[in-house]
Amino acid sequence: MSTLAPIPDAEKDPRVKAVFDDICATRKTDFINNLWHALAFDPVLLESTWAEVKRIMATPSTLDPLTKELIYIAVSVANGCSYCVHSHTAAARAKGMTAAQHAELLSIIGLAAKTNQIANALQLPVDPAFDASASK
Amino acid sequence: MSTLAPIPDAEKDPRVKAVFDDICATRKTDFINNLWHALAFDPVLLESTWAEVKRIMATPSTLDPLTKELIYIAVSVANGCSYCVHSHTAAARAKGMTAAQHAELLSIIGLAAKTNQIANALQLPVDPAFDASASK
Amino acid sequence: MSTLAPIPDAEKDPRVKAVFDDICATRKTDFINNLWHALAFDPVLLESTWAEVKRIMATPSTLDPLTKELIYIAVSVANGCSYCVHSHTAAARAKGMTAAQHAELLSIIGLAAKTNQIANALQLPVDPAFDASASK
Amino acid sequence: MSTLAPIPDAEKDPRVKAVFDDICATRKTDFINNLWHALAFDPVLLESTWAEVKRIMATPSTLDPLTKELIYIAVSVANGCSYCVHSHTAAARAKGMTAAQHAELLSIIGLAAKTNQIANALQLPVDPAFDASASK
Amino acid sequence: MSTLAPIPDAEKDPRVKAVFDDICATRKTDFINNLWHALAFDPVLLESTWAEVKRIMATPSTLDPLTKELIYIAVSVANGCSYCVHSHTAAARAKGMTAAQHAELLSIIGLAAKTNQIANALQLPVDPAFDASASK
Amino acid sequence: MSTLAPIPDAEKDPRVKAVFDDICATRKTDFINNLWHALAFDPVLLESTWAEVKRIMATPSTLDPLTKELIYIAVSVANGCSYCVHSHTAAARAKGMTAAQHAELLSIIGLAAKTNQIANALQLPVDPAFDASASK
């Protein structure tokens, strides 16, 4: 169930087709997941979202591909996005996440959530030692 | 400003002192940050929280220490915990996070938050390919 | 699947019937959506919730009806309420939201979520120029 | 620092004065906290918010006053509202919350947050036994 | 649909079996809900999570069992965890939550969420009277 | 207090200077708020974030500029971003938001948050009539 009607023949729009082709070429697959099919209702949104995903997630950088997926999962869990939790857990597994790493990821997410809420309940002042903006 | 009055002479309680000593020994420092001072008002909560932090964050495991801090920061940002964002950003920096890695972390957090909310706005059905519980 | 058993013959309670009648009269429809059927288990909660929805959303005011629905969707997305995202997207469409406006709404929600989390990750101090409570 | 300029002489508006008087009479105090001063910029919002707080929080009901405050704190922590965490922790303490109960509240909030995020990370299906809407 | 494949014969692991047996003994039931079946993929995570749930939720303490469940539900709602809302609403009902108490819980959660967001929109300064850390 | 040290002489980097100049030209001001100063530590993040803000918020489109700011505030409140609530409330006021519209915005945000959490507490099934993806 979605808030959008399916887009018939979305790929007839050359801008949509170009993005879909680039997704397949970048990911070396012919599988286009539902997010991109849905965003095809607005080519600007589709193009800009894919460009950002490609630049940040699919380009070699200072963090390795699996670490990036673990961070993506963590944010998606905390933000309560079922779709993204599923798609990025699948992506992390495809990039080599083991069951032990998955369990450890869950442990860190759970621990962080717990201390986040305890610290918020206590309204703790930040230790001056943590202030990166202070002159030292 | 906090929701708790400061705990006078907390370390006179031997259970509190034992935790504080273990924090210093584990972290090779004599700095105890505000979270632990505050939790000293309830030794059981202090002991159990520190035991979990030590087991998950300060014990060698399948994820390296910096990756664990990056995940912790990501969750803390999404959950809106100012204290934890500060303390774990400082920890990540102490464990070698570079400015380029910090910028990349912010980029992934921002991108994930954006797609999380767009996917939630679209109420996308999860692709069957992402269902790890399906028999294959 | 719900956390409440269905309420049999809820409209036999005259307070429930009065609210249902007013919903239909106000909205010029005979469709009562699931939220109101569920709230019928407690007439006070049903009456007070509908009174507030009617006063804020269905009474002419300084914001036009479509703008109000767009704001409602935005909050519901950020709070992760699937039911409200669906019901208010349908309401916005009934009040004239075009596909282009829907795409723009998604773009703003996504951008705001992204900058929200980046600003929280940076723990930025608020610029004094933004302080409405300062004497000027 | 606030997003609203202070309201000069708010109590000259008889609707504002009536609410302030009722707050003092209901709470048996002459202290009006900042939320009500701020809401005075819009008498309708002030009146309706106070009426709801009074009806739900300050009227004898099926839950005792301290339990209601504990629930209020829990929600405010999870929603990240610093102001409400402070004001309702003070209210809970005024209604008799002990340090042991405060510690237990923090423990439950922390545990719930942890299992919430682990369950969301796992995308667990709800057990049919938990479905209150099923015919039995 | 889950992000984990089912664990075949999880109880053949004696650590898993010990936890499952303790859940049944503690709860006086032979029903093991999905959370525990899923966590069986990592015995350490299973053991530590159950130990914490047992210690906090199933041990006599300063808050009565029903109050603890109400707080758990409140946090789970605010954090958007469908699984936990279902499981803890069922638990609260098993511990005696009446329909009137359920309606009251919903009223408090709704009111808190509303004032949380209004207070955040106003960026209210905390009243000095609420500062528990101030010397008095 | 921030998690980043201030960037000395950020404008000496021509990419930073180009963005700052474009912000001033687009907004017809010489005021650069803290977000942009902070993002200057990574020119790619600065450029991409500003390009997106400019395209979505500062380009004529199907939604008027004030409506866009109201949506931005709503998301920022729900996500708990103090910085963004302040900056976009100031922006909305600069674009003509009246006190009455501000009060109405707060009322809608508060009402949506309340019904979001009540609907999540009830785990309501979405009415089939709201399913935009259904064939009709």
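Order of writing sets the chain letters: A, B, C, D, E and F. Residues in each chain are counted from 1.
Operating definition for what follows: contacts are C-beta pairs under 8 Å (C-beta built on N, C-alpha and C of every residue); 3 or more make two chains touch, one makes a residue touch a chain.
What you see is a predicted model, and the numbers here were worked out from it, not measured in a lab.
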Intersection of contact partners for subunit A and subunit B: C, D, E, F
Centroid-based (C-alpha) most distant chain relative to subunit F: E
Chain separated most widely from subunit B, comparing mean CA positions: C
B-D or C-F - the one linked by more C-beta pairs in contact: C-F
Where subunit A and subunit F are represented by their mean Cα positions, the distance between them in whole Å: 20
Intercentroid distance (Cα basis), subunit F paired with subunit E, Å: 33
Sequence positions of subunit E contacting 2 or more other chains: 1-4, 49, 52, 75, 77-82, 85-86, 89-90, 100, 105-107, 109-111, 113-118, 120-123, 125-126, 131-133
Pairwise touch network: line, ring, star, complete, or other: complete
Contacting residues of subunit D [partner subunit E, same complex]: 1-4, 31, 33-35, 38-39, 49, 52-53, 56-57, 61-63, 67-68, 70-72, 74-84, 86-87, 89-90, 93, 98, 100-101, 104-105, 107-109, 111-127, 129-132
Sites on subunit D touched by subunit A in the complex: 73, 77-78, 80, 82, 85-86, 89, 105-106, 109-111, 113-118, 120-123
Subunit A contact footprint on subunit F (complex, rising order): 1-6, 48, 52, 55, 126, 131-134
Complex interface listing, subunit A residues touching subunit E: 80, 85-86, 89-90, 99-100, 102-103, 106-107, 110, 113, 117, 125
Residues on subunit A engaged by subunit C in the complex (per definition of touch): 1, 3-4, 41-42, 44-45, 49, 75, 79-81, 133
